[in-house]
Structures are given as C-alpha cells and as structure tokens.
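Got a structure for you, questions after.
As written, the chain order gives the labels A, B and C, with residue 1 at the start of each chain.
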Amino acid sequence: MIKTKDLTKRYGRTTAVDAVDLEVREGDRYGLLGPNGSGKTTLVRMLLGLVFATRGEIEVLGVPVPKRVREVLPSIGAMVEGPGAYPNMSGRTNLALFDAAGPGSMRRDRRRRVDEALERVGLAGIDRRPVRAYSLGMRQRLGLAGALLRKPRLLILDEPTNGLDPRGIHEVRDLLTALNADGTTVFLSSHLLAEIEAFCSRVGVMDRGRLVVQDQLDLLRTPTGRVVVGTPMPDAAVALLDGRVEGRDGDLLTVRHADPGALNTSLVEAGVTVTSMVPERRTLEQVVLDATTGSSDRVEARA
Amino acid sequence: MGTGRTVVSAQGLRRWLLVATVVVVLAAIPIVINVWPARAAAVDPQTLRARMAASGTQAYQGYAQSSGLLGLPAIPNLTQVTALFSTTTEMRTWYAARNRWRVDVLGPGTENDIYQTPQAQYLWDYGHSQLTRIVGDQPVRLPRAADVTPPELVRRLLSTSAGDRVEALAGRRIAGVEAAGLRLVPAGPDTTVAHVDIWADPQTGLPLQAELTARGGARPVFTTRFLEIHFSEPDASVLTPPAPRAGIGFTETQAPDILSAINQRRPDSLPATIAGVPRRNLVPGLTAADAYGNGLSSFVVVSLPGRFGREAYQQISTFGTRLDTGDAAIISTGLLNVLVTRAARRTSLVAGLVQPALLRRVASDLVVR
Amino acid sequence: MIRVELAKLFRRPRTYVIAGLLCGLPLIVAIFLATTKIPPPPGQGGAFLSAVLSNGALYPAAAMALVLPVFLPVSVAVLAGDTVAGEAATGTLRYLLIRPVGRTRLLVAKLLSLIVFVLFAIGAVLVTSYITGLALFGATTSSAGVTLPPDVTSLSGVTISPAGLVLRLLGTVAYIVVSMLGVAAIALFLSTVTDSALGAAMGALAVLVTSQVLVTLDAAAAIRPYLPTRYWLAWIDFFREPVLWRDIERGAGIQLVYLVVLLGAAWANFLTKDVAN
C-alpha cells in the first residue's frame, strides 16, 4: 500500500526525515511511533503530496507520489496534524464543502454520506453550531469523519486521538478496528506508545528522522528468555532454582529459563506450588528504548 | 523555495522559466514597437513645408498631448496660459474644417471644451457647469490649448516664419503614422528658439508632432504631438455643442478671457515701434495688445489696466528678476521670456520666444516713455 | 470548486462587513453634503461630487470615485491576501489539497471568487448610493409615474439619457472589476509566498501605495504607463461624450498583464511549494 525508498527531507540544514524505507502492506494496522519532532508528520505530508521530498521515492497504492498523487488521493482518507475546518460554519457544512470541492463526489448522496460519516464518529447529533464552538475532541471526530466520507481504501491518520478522552480513544480504536476488518488499511502515527501497542499489528519507530524499527508487533516482542513465576513459597523456589532467579517482588519471581514447561515441571516435582507462570516478552517500550539513543528533546550541556 | 532542492525542483524551475519568458515577452513588446525603425518617408523639406501649410483642409480626429517644461509661476487670471507652457495637457481633437472643429482639454474628473461652429464658438467648462457662447470675432485673446495641437501650432509657426531655414529630418513613427520630418531654424538673432522639429504625415502634410528646442538646450522644452490620429471626417454629432438648458450656466459674451476684456475697455494705444522693432498692426483698431517683429523673433505687448496690472506686476516681480531700468522685471524660462514694466501707472506685459537682451531694450524703451 | 469558494465567500460574515463599510463611506459623505450643501470646488475633491448636489442620479458615479482609490483596493488586498495564507492558517488548505483539489484549480477558483466579491461589493455600493442620491439630492418623476434620474450631464456637457447612464455605469463596474484584478493578483501571489494573510495584504498595499506615489511623480514619468494604478481613474472617461476609450483600453491591458504575470508567478510558486506550517 505504501512504500518509500531512501525518503529524505531536509529543511535547510536540519534533516527532518532521513533515508526512510517505509513499508505498509495491504490490510495492515500500521503504527508509526515517535516523539514529537521525530519527523512523523513530515513523512505523512510527503505521502500525501503536501510536502516534497529532497530525495527518495514514494509509492502509494502502487502509484508514484508526488507525480501521480492525484490519482490515488480519492481512495485515501487522511487527517494531517490535527483537524482543519472553517470555524464559522457548522461541522455538517464543512464536510459538505470539502466533499464538493474535490472530484468524483455525487451531489445526490452527499447528504447521506455526511450523515453516515458523522454517525460513525459519534457526532450524529451535532446541531448547526459553528465549528468555532466545538471542543478539541469534537473537532478531532469531525476530522475523522472527513477522512471517512468517501469509504477510503487507505486511512492515513496523524495523531488521531489527540484531545479525546479515554472513552473517545476507545471508541476511535473500535471504529478503526471495524474499518480494518472490512478491508481498510490503516496507517496511523502517534507519540503514545500504549495507543500503538493496543491497536497496531505492525509498528515503525521514528527517531530523529530515521525509521529505526519496522516489524510485526508480535515479532518485535520476542521472549526475553525469562519466566515470571508466581508462588506462595518464594523462598523454597529461590533455593531450588539457585542463581537463576534474577528478580523477586513479593510472591513473583523472575527466573532465567528457556522453557516455561520444564521449569513448571521441575518446580512442581520439588513440591513448590505454582500459582502463575508467564514467559516474559519484551515490551514495546523496551524495543523503543533499545532502538533509540536518547531523548530528542533533551538538550545536553556541551562538554 | 526556501527548503532547498526537492524532487519537484526541476518542475518548479520550468514553471518559473515559463513565467519569466512571459514577462520578458510582454516587456519587450512596447520596447520593440518603440525602437522598430520607421521607414523614412523621403519628402523634400520645402515640399513638406508647403503641404503642412496647406493641410488646413484635412479632416482628422485624434488624441494629442502637449507638454512644456518652462516652469512659469501662476499669474492671476493667466493660469490657463501658464499651465499650458509648464505642464502636460491632454487633448481630444475633432477637425472637419477651419470653421468646424472641437478640442477637449481633459483633466482628472473634469473637462474644458471648445466647439467651433460656422456660426459661433462655444466654451464648455464642466467644473463650473458653464456653457459660454462667444459672439463675434475675437480680435485678441489668450493662447489656449486648442492653439497648441500639432496642426494649429505648426501652421501658425510656418505662417510667420517665411524667411527661416528648413532642413530635412529623419522620419519617425508618430501615433502609428510613418511621419516625415523637417527642422525649422529661425534666422533672426533675437529669438530664444534654436530650432523647431516638425514631423508630418507625408501624404496629407498634417503636422503630427512639433518640438521646440531653446538655444543652449539639448532637450526640447515644449513638445506637442498626437498619440492617436485618424484621417477621417468626424461625426457631425460630435461637433455639435451642448444646448443651453436648465441646470447649467449659460452666458453669451464677446470677451471670453481677460485679454479680450481689456481690449474692450480701450486702453491707451501702443507705440508704433518698441526698441526699434516695428508694430505688426495685426488687427486694425486694436489698442490693448499687438505683436511686434517677425516670425519666431516676434513678441507680444499687452497693456494691463489698473488693478489687474498691479497684481500681475507684483506677482511677476516676485518671481522674476528686477531690472535696474526702473520698475521692470523679467521671468526667464530659457524659451519663453516674460517682461513686465510699470511706468506712469501703466503696466505693460511683454512676452515672446525672444532673448532677454531684447526684452531689456524693450523695458528701457517702455519705462522711459 | 468555484461553487465551494463562492459558498465560503458568502457564508462568511466578513464579506458583508466589508461590503457594508464600502457602502457606508458614500452614505456618510452624502449626509454631510446634503446637510451642509457645501460642494467641493470643481476639479478638486472626489470626481462628480460637485455635480451631485444638483443631480442625485449621478451619486453612484461619485460613490465609485470615493470608494475606488483606497477603500476598495484595501478590501480586495485583504481578501486576496487571505486566500491561500488564510486557508493555510486554519489548516484547511491541506485538507483541500488532499481532497484532492488541484493547486492550479484552487488558485483560479480563489481569483474568480475575488472577482465575484468585487462585483458584489460594487453592486452593493451602486444600489445604496443610487438610493442615497435620489433620497438626499432629488429625483424627477416621469409621465409614466416611474422615478427616473434627471438627465445627467456628461463631462462634455451633453446630456446622457437614463439608458445611456445605465450602460455607462455597467461599463464602469466592468472596468473597476478589471482594475482590481491587478491588486488581487499581487495579493494572491504574496499569499502563496507567505503564511501570513496580513503580511500578504500589507505587501500588496505597499505595492499600491508605491505605485500611487510614483504616478504623481513627474520624475517617474518613464515608467508611469506600466504602474498598476496609473489608469485606475480612467472609468471617468465613460462619462465623457463620446466615450474616451484610450485610457480604458490601456488600463484594462495593463491589469491583464499584471494578472497574467502575477498569477503565473503564484502558480509557479504554489505548485511546488511545501504545504507545512
């Protein structure tokens, strides 16, 4: 669906996006994770032909961008760096205007499509109030409705849950999951690790313009070779496992062991009661920390 | 732009090049039209001169512009004259015959028109919403815009300069016409005019442009030319003056300007010669004003009565140079020189394209008298 | 796209505020003139103002002369400066572009909506000033009982019939629209250069003020015919008899040149410009 090669964008001396090879496959729920200023938004803008790359190639839905971007844009729903709407008009008017502005929009069913999109994002009951009076969350939902207006094949969403409350975030996640199940590829960017971890099947991590990690989420979360064992008899277990216990937190022991099954057997045979047994996997946070070198917004004193 | 090279820089550059090309082409059009050589119409200057002098029967419609760089101060009651020589005047002209023509002087948001019909002359002043019908001949009057359209000015110059030398000039394109040129070099030593360059339509002889250059000057100080010209008879409706009606002022007069007004008051008569220059006696019975001398060396003397004379004297002597020969002052502009004298409560105004030296002689003559 | 732009234009309260201000100036002037009956001296002050006292039907022309030199270009510059920069500021520009709306198409639609605005504003000024003129300075009633303007005196002294007056006013409106094209193109171009709508409007006004100053400067006579404001007042020539087309043609020509060049520059700049803010 999206493929970039050596994609680079420089603003003067600063390099916002540095040699990124992005790959989003059909049906993916792709999450692009990175702190503010890591180049996510610039990358998204380049995918949509808003910003032009200094170097590199982009292909979206099999078509080169920006050369033929106008062919694919009708099949893409997008939200870039927050919603944009004419503040003096109602949300409904805004959607209708944006719909009328572009090609291939039927006037006949515009009303119905606008209503459907508003319904999907939970704004079915909005009145004629101008967008000026909307809360940040409402605007965010309106932006999302705009992206959904023409049943896109690909959704490109930059920070889609900004300004939403936890319930709103949950609703949006459910909506995106449902769309994805219907065959829409979803590409979203966020600086919130938990959000990506909760929704995405594939993850890319940006760090100072570079794409440092890109893989399936389950493949990234490799087993650490440790097992977390819960037991009411921790002392006995420690004595038995002798030196392989790497951490102890009350009744929970972190044990270095390759095979949880064998560990369980040996503990039970030794008469140690086991209440839980979980093989430890790397957290996404760990993945990110390993891949990145330092906080991008930290300013170190010069030596 | 601003962000350095991008994958679309080449495209952007091509677009800018296209825009730059359009700019260059558009800018070049007027320049090329200007420098495109005019096919010099080879007409013998004497023949051309004769054709010009006889061009009074040629009908035309045009847009003319005269501009003077003389820098005369505004003299009370004479501002329309001084403006004519100091600023640019835009005129529309329609000319059917000597007794049927119209000249509009255009100003921003205003207009002053002269209509000549076989019966009378009409003046229309939009600013004052005033229509004036001039009854009878005007033996003397002030110069006005209609006198400086190229045909009028050139015919007047040629009629008084029979003895002056004529040289051929290269042709020029004027208002789209390939015009033939000649240069008139005055013979007399007293004039300030170095030469008058005239271009005219070679076929009809209609003068299209005239440039007066003063002695010692490189650039013409007075230019009049057509910016548009059509050699066709104007529509009769254009030459019909507005009819008097309610809402606009209407007067009939025999003396539309200050000079003819003065003449009607019969001031003292002018001498037969001044500074050795003979009076021309242009109009028999005329006492207020007359011309002295010949051709470009001639000057005009006007007697100004009482209060008006005092005002004019004060104004001119403030701007001009006082002479040591009694109450007299000169304004020198390089081309047109104006003298005012006051003797025995009589004010005389002398003006002409003549050297200040001549005017000084005139001054001592007038003051002593 | 043009329909969308028009919808945006006429749904913004700002459009009506500006048109209201434009109508307000002639109204204020008319009230002062009608109460004091002191006309400006002929040839000074606004064109036609001195003639208005005796002839209310000429007030639309006088209103044009009042509004054209400053008020109208300022409002056109403000609106045109806002076109692209304003959309960028509200964040709607990127959503239009990914809709997708072609960038060239967007520029043309913006320009067309500006033209419609000028027409709308002038129309409003004409209608209000006509009513003002008749109400405050008088009208005559024809035999058919219809209120007609009294015969209007042209600058050349000949009367203009009511039908002729309407034609000439239409010509005036068309010419003023054309005159505003240059301003609109300048501000539109600047609007693609900067993200500040105010900056673009100020830039365009700076160009206009410079041009106005140079027009009156004899030392700059050589470039005068090429200045964007040189022929702005040429619409007055519609009220000469016969109509003097020379300056009107030149004015229209120079505005078209400015339009082509600056719209071209806006196009060249905007089509490869990064939309990021």
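The rule we apply is simple: a contact is a pair of C-beta atoms (placed from the backbone, for glycine too) under 8 Å apart; a residue touches a chain by one contact, two chains touch by 3 or more.
Model, not experiment: these values are computed from the prediction.
Q: Using the definition of touching given at the top, classify the network of chains in this structure as line, ring, star, complete or other.
A: Topology of the interface graph: complete, with all chain pairs in contact.
Q: Check B-C against A-C and say which one is joined by more contacting C-beta pairs.
A: Ranking B-C and A-C by C-beta contacts puts B-C first.
Q: Find me the chain with the mean Cα position closest to the mean of all the protein Cα atoms on display.
A: Centre-most chain by C-alpha means: C.
Q: Cα centroid separation between chain A and chain B, in whole Å?
A: The answer is 83 Å.
Q: Just how far, in Å, is the C-alpha centre of chain C from the one of chain B?
A: Using C-alpha averages as centres, the distance is 37 Å.
Q: So the centre of each chain is just the mean of its C-alpha atoms; given that, what is the distance between chain A and chain C in Å?
A: 51
Q: If you look at chain A, which of its residues touch at least two other chains?
A: 52
Q: Which residues belonging to chain B are in contact with no fewer than two other chains?
A: Answer for chain B, listing residues that touch two or more other chains: 3, 6, 8.
Q: Would you pick out the residues of chain C that each touch at least 2 other chains?
A: 272, 274 - these are the residues of chain C that touch more than one other chain.
Q: Which chain B residues qualify as touching chain C in the complex?
A: Residues 1, 3, 6, 8-9, 11-12, 15-16, 18-19, 22-23, 26, 63, 92, 104, 106-111, 113, 124, 126-129, 131, 227-228, 238, 241-242, 245, 247-248 of chain B touch chain C in their complex.
Q: Where on chain C does chain A make contact in their complex?
A: Chain C reaches chain A through residues 1, 3-4, 7-8, 11-13, 90-102, 272, 274-276.
Q: List the residues on chain A that touch chain B in their complex, please.
A: Residues in contact with chain B: 9-12, 52-56, 66.
Q: In their shared complex, at which residues does chain B touch chain A?
A: Result: residues 3-8 of chain B touch chain A.
Q: Spell out the part of chain C that touches chain B in their complex, as residue ranges.
A: 42-43, 46-48, 50-51, 54-55, 65, 150, 153, 155-159, 233, 236, 240, 242, 244, 246, 257, 260-261, 264-265, 267-269, 271-274
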